[in-house]
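So the structure is just underneath, and the comments pick up after that.
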Amino acid sequence: MHVIRIKVLKISIVSISFSPIFQYRFKKFRRWTYSSEKTLKGSGMTAVVNSYDGGGYYIDLNTTMNSSQIIINNLKNNLWIDRGTRAVFIDFTVYNANINLFCTVKLIAELPPTGGIVPSYVIRPVKLVRYNTIGDFVVLASEIIFCIFVIYYIVEEILEIKKLRCSYFKEFWNVLDIVVLLISICCIGFNIYCFLEVRKILDKVSTNPNVYVDFDFISYWQVVFNAATAIMVFFAWIKIFKYISFNKSMSQLSSTLGASAKDLGGFAIMFFIIFLAFAQLGYLMFGTQAVDFSTYSYSIFTLFRIILGDFNFQALQQANRVLGPIYFILYVFFVFFVLLNMFLAIINDTYSEVKAELADQPNDIDVAGYFKQVSKNRISVLHIRLLLCFNK
Amino acid sequence: MHVIRIKVLKISIVSISFSPIFQYRFKKFRRWTYSSEKTLKGSGMTAVVNSYDGGGYYIDLNTTMNSSQIIINNLKNNLWIDRGTRAVFIDFTVYNANINLFCTVKLIAELPPTGGIVPSYVIRPVKLVRYNTIGDFVVLASEIIFCIFVIYYIVEEILEIKKLRCSYFKEFWNVLDIVVLLISICCIGFNIYCFLEVRKILDKVSTNPNVYVDFDFISYWQVVFNAATAIMVFFAWIKIFKYISFNKSMSQLSSTLGASAKDLGGFAIMFFIIFLAFAQLGYLMFGTQAVDFSTYSYSIFTLFRIILGDFNFQALQQANRVLGPIYFILYVFFVFFVLLNMFLAIINDTYSEVKAELADQPNDIDVAGYFKQVSKNRISVLHIRLLLCFNK
Amino acid sequence: MHVIRIKVLKISIVSISFSPIFQYRFKKFRRWTYSSEKTLKGSGMTAVVNSYDGGGYYIDLNTTMNSSQIIINNLKNNLWIDRGTRAVFIDFTVYNANINLFCTVKLIAELPPTGGIVPSYVIRPVKLVRYNTIGDFVVLASEIIFCIFVIYYIVEEILEIKKLRCSYFKEFWNVLDIVVLLISICCIGFNIYCFLEVRKILDKVSTNPNVYVDFDFISYWQVVFNAATAIMVFFAWIKIFKYISFNKSMSQLSSTLGASAKDLGGFAIMFFIIFLAFAQLGYLMFGTQAVDFSTYSYSIFTLFRIILGDFNFQALQQANRVLGPIYFILYVFFVFFVLLNMFLAIINDTYSEVKAELADQPNDIDVAGYFKQVSKNRISVLHIRLLLCFNK
Amino acid sequence: MHVIRIKVLKISIVSISFSPIFQYRFKKFRRWTYSSEKTLKGSGMTAVVNSYDGGGYYIDLNTTMNSSQIIINNLKNNLWIDRGTRAVFIDFTVYNANINLFCTVKLIAELPPTGGIVPSYVIRPVKLVRYNTIGDFVVLASEIIFCIFVIYYIVEEILEIKKLRCSYFKEFWNVLDIVVLLISICCIGFNIYCFLEVRKILDKVSTNPNVYVDFDFISYWQVVFNAATAIMVFFAWIKIFKYISFNKSMSQLSSTLGASAKDLGGFAIMFFIIFLAFAQLGYLMFGTQAVDFSTYSYSIFTLFRIILGDFNFQALQQANRVLGPIYFILYVFFVFFVLLNMFLAIINDTYSEVKAELADQPNDIDVAGYFKQVSKNRISVLHIRLLLCFNK
């Protein structure tokens, strides 16, 4: 029977970074050694209270519980965490072989100058060993096909740019193509880099299991890579609109959005001026009392959420018994009752105009035929261009 | 005095299904016997983590607590649940005589490869013994009347189809009639089947109370039957519109909906493209951190709920401190502020047009008169048709 | 110093009403006596699980704790609450002299046939002794002035009815006047009755403090009286509109509402057909699993709340993993995206028409002048009428 | 190393204010001395249950824990808090040197005549010592620049008033300028006063640390000052609109809002009549049962929140099983479905008109050029005026 083996790569690090003004004491006493961000190859991070750079005083625990306990007791007795400590980071990585996922864990305990401990965490599950099972190789095949398509489109877009020059960048769809291609190239590059880097790290771990290996960096970039992929897919969805504007009813709608874009943009500016004015008012008046208004950005989010109906009226009322509700009612009246309706008025009016305009145009070109023609054109044009290109 | 007797049909089964790759060991050791889905006459089901087929290793507990305890202890000592176990199902059925309801209970404990136990349950209260009290016989009478009506309408619709042929299926209301009739027939059929099946099962139970009887199947179909009835009733409500379009004000509104249907449909496609793009973006970017975006379908539901104002902004913010709020604000701006208003613009514009068109039509045919005429027509036409039919 | 005296009128009753089928046993054994609703002068009530009539088996506790304890122990030993018990009611009234408020408390423990205990409560704080402090006498004075006004308006309306006959009832405002007057008369009548009744009850209590006095009836009617007053005040607010339609901008709006009333009503019917269809669908499909759909009326409320964005999506999803979300999305799409916008389209269109119509009418009669004129007319007309009336 | 010193200015006062009718006893017994609001230099405040004036019986605790304990025990033995007590206030101020913030804390325990204790608190973090670190001096510099600008604009506005006289006050933007300037002057004045006052208080504290120093007054005004600043900044944001109306698309929108202001205002009155009618109805019907309707103002807030989708339907339903849901549905239907759409209809119609009007006007004056011209004008005009002014 296959035993379910949970490989736990529980190599841990306890690093404490102090705010700079407290560093010199330690340097004097030389009890602990300060390691800069460069030495640790770590990266800074933003926790709840504050941002911290990658440097600090660190110690690695052992792989056995007993020896780790001794280290921790030693730290305790020597006042490792004292009044000057601002944050304690505990970093480790676990690996679940069943589902082939690494998980980098960063537990943070901040000790702000106002007292108390503010705990937080960053947990990033990432698939670092990517090509393992049969399913993974299907993914690999898809990725290779994706690369081929990317190369094909790069060639095509370059040819088009050569032909159209500056006028190429004037059309929205072309710019979108370029953006999608650029993100694709970045993603492919990162993927290859990541593959090599992970191998190196895993080699290190297997040769010397007692040394702490920092997966933080690689997992951070994996998350960035995921976000980049997400944005690329989003743009790919948007590109569908390029091919959808045939049907008269469809084009009517997309051209309404296009025609009203300018007015909507203009009004959006006006809207956001009043919106930001309210946000600042809320931030300055209730910021010290209500969490929802404690920063300017929180204030903005809170006002957005009020429009959608998700908010904490009690907190606002408790922040200021008189001004809180007045502020709330004024905001709802001006923004929800009046301004929000302007968006509608603009779209409504533009739609009527566009519909009237389009009323006498011919209808419903068949989509299938169009696609055939386009694909034919595309391929033949590419062929000719490639020929011309290589003939030069 | 009538003593309140709670008849508890507490016949229980503990069946454990393993993921296929762990089966061979058990077959080798022959300690437990694997029963396939067919042998158990069970049906597969979907729990929280995974879907399971109906097969597995099962054992039936006894009707007395002591002997059941012995069985359970035996299972414990022989490592019935081990590392290879993926799910444990506990099935039993209770019967409350006071309110004449059976309740099939399925308690599920899933043991996913990532560790931990994920409990879930399926509780289905069903009325299996349907005709017991006087009230039930009133229901029976109604059901018989319903059957008669169904037969009447089947005859009528068949006659109409014969007369109109293909053109019959072109009208929406006729198709709706057919659908309602088909569901009705299925429901009647199921009801009869269920009545017979329940009698058979109850006979089995009363002859041998020590054997586990599976109510799972019958209760599952009872739930499906309820859903079918619900949908049928829904369509019956919709059919009211067929008779409501006389009043000018009414017809004005329904014809507005009709006229705007094409544009609304066209825009709905555009809307859902952007909507799905946002859903995918959210799924890929926040899926590993926020539960609301953990699957693609969850992501879609979450975005729907944002429009209505029911969502968890904190979770989104915690998932990604920077991209979370930006994503949220962009989504609200484009979808809630702009796109949602397009629906309104379309309806608004169509309404104006329809109202202008209808302004010079004659008004308000009296509904009562219409109904009289319709019913007269209906009956006389049916009479004639039946005569013709039987004359053939 | 004035000692703060908390007069607690803690005269209590424990009455148990059994469902009728269990009564005969008790009558046979004659251990407890059944008291009908008439004997107890109580009124029926609706708790969580069921409705109960006022009858039952009751026992009064004593004013001292010890003797009450003996009574309760006695009840326990004699199985006062047994399998046949469906509900236990504990009634008592407390009085807080500091704020001069009576509070009738009814604690209910229901024992449904399905088992378990469902607790609920009815707490009604009422001001029974109304004229005590100086502030109260100001209220009395206001009430007398109110009565005078009511008499004045009764006379006026009667005169108007005499003059205009049937055509009087055709105008909305006149009907509203009549309704307000009728409610006023009821309230005045009830107030006098209540004043007398309370005096009688308090006399009873002071002469014999050991007897349970039922404040339930009087407090119930006090609540009804409050509701009646509330509705009267609501109509009084609505009457403001009668005097507000001078300003052109105002009349423009009220006439828009008037003109669109018919279309809005027509559409409201259509809207509610679909709405009720969805409600029934939800009730039949999810009623056994989700509390929000457990009755037809709950289902209606839930769908209303979905429109406003206050609902429990998780419950719907848990009720049915597939049909739940589909139902939700279909509902939101058809009702929130499409149908709700029809209301807007109707109002929008009517507003444009009304505005165009009113564009060439004279503007802004001064309100002050109007009021002068009206009040002069009103008084002089009344004078003349009264003269005529008495001259007859 | 800099030791983190938490300077706790824990000088405390326990003042008990009795409702007036209970005062004479204490005066008779002379055990405690009543101090009026004037003697204590305190200010009244509003807690949860009631408002209290600044007077009362107070005692100061000591700086050491033991002696404070003796004082408290003494108070306990002498029945400091008795039946007549209505509220107990505990006031103290803490200072966190790390972040240079004072925090005045007021803990309130109210003992209402209905019994029980209602705790509440007022915590006001204020920065009293304003100019300490380098960052603070940057703030100081900004404040000085602000003062110079204020003086500049005062001169300019006075010159303009002199020139334009009454017609100056007719334009909205001028009035806004005046308001902003007035608030600015108040804020500057308060800031100077506060700076001096704080120095005086801190001197007092440092000379005699055993005396209770009341930061309540200064912290209260600091909060008022913050609110004033907030409102000023809000108006400053609004002023942006003055300069934004060049772009045709922008002016179109702002003139729509301007043109519809009258109609919107008129309808807002109508809307609020019905709204207030519903609020009163809710308050009178559900006020005794549901917290959300317990006062008239709460009722208003609750109805506002229903529109936005944030409310507690269960509470309403529990308050009255029948009238609650009916009230809710009627409110949603009339206010959310019908009245709210009128706002939209007004804006929509006005927008169409304004757009049609503006269609033949010249477009898009360049903003940069305008600003140049304006600033040139402004400066040169001011120069000339100042010359003229001093020449007089």
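Labels A, B, C and D are assigned to the chains in the order they are written; within every chain, residues are numbered from 1.
Heads up, the rule we're going with is that a contact is a pair of C-beta atoms (placed from the backbone, for glycine too) under 8 Å apart; a residue touches a chain by one contact, two chains touch by 3 or more.
Predicted model, so just to flag it, every value in this text is computed and none were measured.
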| item | value |
| --- | --- |
| Which listed pair, B-C, A-C or B-D, duplicates the contacts of A-B in over half of its pairs | B-C |
| Angle of rotation relating chain B to chain C [CA atoms, steps of 5 degrees] | 90 |
| Label of the chain whose CA centroid is most distant from the centroid of chain B | D |
| Pair joined by more contacting C-beta pairs (A-C or A-D) | A-D |
| Whole-Å gap between the CA centroids of chain A and chain D | 37 |
| Approximate Å spacing (C-alpha centroids) for the pair chain A, chain C | 53 |
| Contacts with two or more other chains, residues of chain C listed in rising order | 307-310, 344, 348 |
| Residues of chain B that touch chain C when the two form their complex | 1-4, 6, 46, 96, 98-99, 124-125, 226-227, 229-231, 233-234, 237-238, 240-241, 244, 247, 249-250, 252-254, 256-257, 264, 268, 297, 300-301, 304-305, 307-310, 340, 343-344, 347-348, 350-352, 355 |
| Chain B-facing residues of chain D, complex | 308-310 |
| Interfacial residue positions of chain C with respect to chain B in the complex | 21-22, 24-25, 28, 83-84, 113-115, 262-263, 265-267, 269-270, 273-274, 276-278, 280-281, 283-285, 288, 306-311, 313, 317, 320-321, 323, 325, 328-329, 332-333, 336-338, 341-342, 344-346, 348-349 |
